[in-house]
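In what follows, structures are represented as structure tokens.
Two complexes are shown next, each including chain A; its partner changes from chain B in the first to chain C in the second.
Up next, the complex of A and B:
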């Protein structure tokens, strides 16, 4: 597999050096991030990170080319987006010539697994990216926050210790972080980036170390009788508006404009919006991610209709782990089992 | 004398049930058992709890422009003589039932004026749309629960704007004062409930007064059509504003004023249907030409079109009317927090550069 995964260039070392030295003097991870990016930016084509948006509860991805914008970069539990998809989808990487400088990118633990998967599948070579790894204590699901308190006009959202503190036009809400974390975070085994050039902040303790915790939601559904499972998925998928945000946000859904559910000539899937058509779309997504999905939860996070679509892929991931002992996106040198072809295969 | 009734909160379900014997009802409600789930407009059946406290996730437009509708059914008939020329029969019969939308917000109803310009005011009149439009009445809620993403008064609407509404619903202590604004609406209110007492009537009046004065949103759209034209070719501007866009269909599908559609023939053997379904200008295939050329090859051109259409092309073509009602849905649901108010707001900054 690609060079440079273990062996790093001198430039990488330089960044690590700075990190070690500065760690002591920088008060917050955010300042540490700014400092590191400032040092690295001249060597980078651009930097992909998170910035504050007009909603204090949500960040927005930002693409930085000049030093002026570095101060906008932020990190922490409100940075929920997985940015790695931008590396393989236009216009980020496409617009950048092959001999260009590397692209800097911020990744949480889960996001780093998507990067590994992209490297494994040769969508990316390791030396094309400079990885700013950010150990993660979980990301905030803003919808969970809105379900807990009716918000009118949030002026600020900050995380202090284990609390999310909101100023909603004069009213202060203090909400336990634990209660508003994204579903995927509650079963996360890899909060620390599995691949990185520099690490920012303290390393995080995994919430899960076993399959039972990670796949608790799959197990819970499987305990239900078949009719109830069918009813559950019918009712959930009925809400789908076929907006394809789940597909577009998935860093490993790389077909994009060529996706089978959308091609118009030939038109493989009907335009109807009944449950069978939606079901088919979601199972196409899931099957095309079999053995590739890292469980980053992006497909579920982006869904405007709050459909737990990652759950479908979690089931496949669980099968992969139980039958083949394989979890995607951990080792850039590993070959994903479903990407191999062995005519003499005896196990299946 | 206007006809007014008072519906106590605990009588709402039974009053709606009674109303639903006169006309089909669509109400905003949760789309699953859980009250905090996404909401949309659903046919009322007794027991459906209306969700008046927040903007619905999906818009009202589907009442007039369903996500998928059958325009016609067709069937080919083979000539028994074996002639290769087959004949085709076409059936475009449809049934539209009179419907009352109970509890839409002013922005939702206002949004339909954009659709009207396109589908009913010519030069091309869409019979499917027009028929539904004629058969749909609106009981509109005076809005008291706008949130940080709403900006209706910035785009010509307002929390008490009753343009296009047949009934006005004012939430007061203990229930709702409902007032008929048109003759057909008066008939609907007959024998439903008693008139409000004078205290509630006065309270309703005050609430309407207050809502008429309330400003929601700070976006200034004056001069946007021209500013947009100046920005058109500034790739850097669009890159800065929306490079994080995923090119999904969320903003267009939750938008009450987006009306783009595609038409497909879905055939099985000799029978088929011609469908019209929502399309999105954010999709690559939307502008893909048969030659393979795509005039809007990337998300930058596509998002630019979304802004231009709403804030420049529509107002230029239709006497200043904007193609956005300020409902804020696209802001609430965008997975990467793109805020159309910022994109439009910045159009005017240093356009000379």
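Up next, the complex of A and C:
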């Protein structure tokens, strides 16, 4: 089966030596993934990974129970979804008994931090999952692609070296990968899975090693005066339709049907569509993730109104790192800072 | 949400002119600060009248969202007060609260809400004088800031800044 991101585009010419090596690496990692999953599948209840979808620019989650489907598995810059939410949220695992065999899952660097956070809070035990770690060089944000080029009907999307090549009904677009990466990827400090059983492909270089690069967007907002920040958020959050997609996609939003934005008792929010309700909803989401959010960017990726919702959590992550020296999702034995205390601290 | 529009009936005492229209919500821990406020009352210390007290069992009960919701829906100021650290009736409640409220305090201005409208403090049951001081100072601070503009309408006088995100 032809796979989009390694398939060679017809219009692409003059493949340099480096590009060939790079392509070989991508192709090898996909084959390596297939091989490893094939070996592991008999010991697994299910394998969760990414597969190509009807839209070449996006992949779809796939739940593999038999060996025939393994060839559909794919990995690479188009695999933007964080799959770890499926481990704790229905309905994917509804039919899987608690004492069943482990579940295999593909994770990128950011996804692995969500896994660590889930293990920390005991939503998951380490032996329940077989982790296939995939070093990540950034994932493609299809909205950024659409903003750059007028797309009609994309036939295939392939990644070769640092370029995203689109075949759009006869026209070929060559876009620098760097320009269409998701916002969260551009300040990524952990492209390599922090927790894994097997690692596929070569490890990636972090794009950022300091807080200033990672939280560049947060700093950009903080440079504005208070009134301007309020105006910015009012105009952004005014678009919110409270579809709760951000909450549903978040792997750490684990209250499910007890979520206080929907419960009648206690009744925190009304159905009114005013800005205060929208603000409060995003405050609830953010405060419930304070010290837990790993910055995987799922909330922003799924937002139909293109609100930079991850930015709100990024600010809280920055506070946690500066105030309490804690970055979420790195150590499975650590306790999230707002779930514990230190009597000695007087500076905060 | 209850109507939070300014009071129509004027308060009776001579501070009426200054307190009118300003609403401050105070979340006080049952064991220390509520007692402290009571002590201040029993001792007849003069206090501003724009504080509405909500009694909570412990500052450990303080959800930062209580503060956020109050400010979002237009309360002019929020004051949280509990037992001094290491003096919590439940031993550790205020240690948890301290971290949460510090996080919220640093977070509020990011969303465009003035952090000066929120303060937390520690007052024990015997510190009537201290309570009077805290309330007076905070009330004066809120009066200086004026009524909370709130979020209800998008303010027309500010153009939306174009912040370049990555």
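Odds and ends about this structure:
Following the convention adopted for this analysis, the second predicted complex is superposed on the first by the 307 of 348 C-alpha atoms of A that agree within 3 Å, B and C clash if a C-alpha of one lies under 4 Å from a C-alpha of the other, contacts with A are read in each partner's own complex, and residues count from 1 in each chain.
Just so it is clear, contacts are C-beta pairs under 8 Å (C-beta built on N, C-alpha and C of every residue); 3 or more make two chains touch, one makes a residue touch a chain.
As the structure is a computational prediction, the values presented were derived from the model and not from experiment.
Contacts of A:234 after superposition: chain C is touched, whereas chain B is not reached.
Once chain A of one complex is fitted onto chain A of the other, the partner contacts of A:163 are absent, as it touches neither chain B nor chain C.
In the overlay built on the shared chain, the residue A:61 is in contact with chain B alone; chain C does not reach it.
In the superposition on chain A, contact is made by A:316 with chain C only, not with chain B.
Within the superposed three-chain model, A:326 lies out of touch with both chain B and chain C [touch as defined at top]. Contact with both chain B and chain C is seen for A:270 once the two complexes are overlaid on the shared chain. In the superposition on chain A, contact of A:304 is made with chain B only, not with chain C.
In the superposed model, A:283 lies in contact with chain C only, and not with chain B.
Chain A residues 235, 238, 270 lie at the interface with chain B in one structure and with chain C in the other.
Contact residues on chain A toward chain C in their complex (touch as defined above): 183, 186-187, 216-218, 220-222, 224, 226-235, 238, 268, 270, 274-276, 279-280, 283-284, 286-287, 290-291, 308, 311-312, 315-316, 319-320, 323-324, 337-338, 341-343, 345-346, 348. The part of chain B that touches chain A in the complex is made up of residues 31-32, 36-38, 53, 57-58, 67-68, 147-149, 239, 243-244, 246-250, 253-254, 262, 264, 266, 275, 277, 280, 283-285, 288, 298-300, 331, 333, 335-339, 341-342. Every residue of chain C that touches chain A in the complex is listed here, in rising order: 1, 63-65, 68-69, 72-74, 85-86, 92, 95-96, 98-100, 102-104, 106-107, 109-114, 150-155, 158-161, 163-166.
Residues 53-55, 58-63, 81, 85-86, 90-92, 146-147, 150-154, 235-236, 238-239, 241-245, 247-249, 256-257, 262-264, 267, 270-273, 301-302, 304-306 of chain A are the ones touching chain B in the complex.
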